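Here come two complexes built around chain A, the first alongside chain B, the second alongside chain C.
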Partner chain A sequence: MSDMGVIVKTNARALIPLIGVFGSYIILHGHLTPGGGFQGGATIVGTALLFLIAFGVDEAKKRINKDLYSALEGIGGLVFLGAAMLGLSVAFFYNILWHKGPLFNGRPGTLLSAGFLPIMNLGVGLKVFTGLVSAVFALALFRRWKE
Partner chain B sequence: MKRALAFLSLMIIFAALMVALSPGYGIKFGLGGEDWKRYRYTDDYYIKHGLEDVGGMNIVTDIVFDYRGYDTIGEATVLFTAIAGAVALLRPWRRERNE
Partner chain C sequence: MSFITAFIWSYFMWLILTAGSKGLLWNSQELIAGLIFSAIVGYATRNIIGERASRFLNPVKWILFIAYAPVLFWGMIKANLDVAYRVITGKIRPGIVKVPVNLENDAQYTILSNSITLTPGTLTIEASPEEKVLYVHWINIPKGLEWPESSEPVSGPFEKWARRLGK
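Presenting the complex of A and B:
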């Protein structure tokens, strides 16, 4: 699989960290600003797409561990479910961290507020990122066209 | 013949939808004032009480992750199933791996 020229590669080296930091910002501030787990995860997938297109499939095949990404997707879903079950003594999805929890109950508008919402955003972001990366690489590694 | 009937039924459904969407007969767009209180009382509750109930400044995240978290679980499950199905269907075929 042919990859891009030197300008595209250099620009990709500069842009991939920026896109990753911006996506992480969207995920971390999901309870304060527009965005959240799904949107931020889909933004970070842009880094993987740029890496795949700029550096080629062969380079990506050496660096992407399929089992790790599958496991991380499951862990993201489990983090979401675990945060939902924190307040199981009252009800499912009871936001016990916000009402009387030890942390994540700061003043609304600060980063450590809103109970389990940041934890859920992190879990969903991890899940969306690893899942979409797995799907895109499965597509990229598909068997070649006939003729 | 079959295709003409299908097109005709599509036209009938479209016309019925247009009647249902007309402001004089069906639903209204751009609600405000008294209509907001009558038809959008749930949104009114979320906007007024979301901050103290959940604690997040982002009302959409409050609703999606706290008030209606089951929907988000279902959404994540749909995503998980879609990824699993795509990856499972896109594996290389056994005959082509050998050649």
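Presenting the complex of A and C:
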């Protein structure tokens, strides 16, 4: 796959950090505003797609490390599970951070509220981002169109 | 250095997104979360944003960008009215012209191409820094301007501005 012209590339350079930070904003405010882990993670995947299309597969091959993405996807899932296990003394998925926890039990409407929800959103966002990037990148690397 | 550029660019965006969390300002939780996540985004995109992007951190450039906004806006208004006239009367003479430009770097090409595309009636199709030309689709080529000598008849003062903004 060949890369794009100079205009697309330069715009991509400016836009990729913006899309990334907007996706983080959606993930981190999942308990306050519309959006959450999946939506924010899918937004951040937009940065990787833009990079892949604007700069080409050869450039992406140098930057995307499949072991790192595979490991991060597992870590995202484990963070979700770990947050769910925190209140296991009462029940699975018991939101102990909200009821007694030292953190994340602030006034509703602030960032550090809603118990384990922000942590789960982060885990899901990481998992969705790395998983979708790996899937799309693997498709882009598919050997050739015809045998 | 490019990490700092990407970080500041991301943090600026974060501040815009979360403004109003404490009155009209930001509360400390949002500010700290913004620092962390902008650092992550900045670290991840430090090789993408480009080594020379730090020149856009210069405050003189920001003032120039603000000064450029009314110029671009006025050009858009004029060009929109011109296109409305061409829609009603049907007086068009379309074609693709090769416009020689005197620009040095990618940012200047991008600013000029986007400005040309934003003003209706002209549309940049291809920017070619090797030949130092832009290929522009023009809705109404005036007679005798099929091979323009400079970008002046196509884009007005935009080339001068693009050269200054992207320097």
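Throughout what follows, the second predicted complex is superposed on the first by the 146 of 147 C-alpha atoms of A that agree within 3 Å, B and C clash if a C-alpha of one lies under 4 Å from a C-alpha of the other, contacts with A are read in each partner's own complex, and residues count from 1 in each chain.
In this text, contacts are C-beta pairs under 8 Å (C-beta built on N, C-alpha and C of every residue); 3 or more make two chains touch, one makes a residue touch a chain.
Every value quoted in this text rests on a predicted model; they were computed, and no experiment measured them.
With chain A as the common reference, the superposed partners chain B and chain C fit together side by side. Touching more residues of chain A than its counterpart among chain B and chain C is B.
The superposition of the two structures on chain A yields an angle of 110 degrees at the Cα centre of chain A, opening toward chain B and chain C, reported in steps of 10. Judged by the touch definition given at the top, the superposed model places A:121 against chain B, while chain C stays out of reach. In the superposition on chain A, A:84 makes contact with chain B only, while chain C stays out of contact range.
Across the superposed structures, the minimum distance from chain B to chain C, using CA atoms, reads 14 Å. Chain contact summary for the complex, chain C toward chain A: residues 6, 9-11, 13-14, 17-18, 21, 27, 29-30, 33, 37-38, 40-42, 44-45, 47-50, 53, 106-107, 109-110, 113-114, 124, 126-127, 129. On the side of chain A, the complex with chain C involves touching residues 5-7, 9-14, 16-18, 20-22, 24-25, 28, 47, 51, 63, 106, 110-112.
Chain B contributes residues 51, 53-58, 60-62, 64-66, 69-70, 72-73, 75-77, 79-80, 82-83, 86-87, 90-93, 96 to its touches with chain A in the complex. Touching chain B in their complex are the following residues of chain A: 30-34, 36, 38, 70, 73, 77, 80-81, 84, 92-93, 95, 98, 105, 108-109, 113-117, 120-121, 124, 127-128, 131-132, 134-135, 138-139, 141-143.
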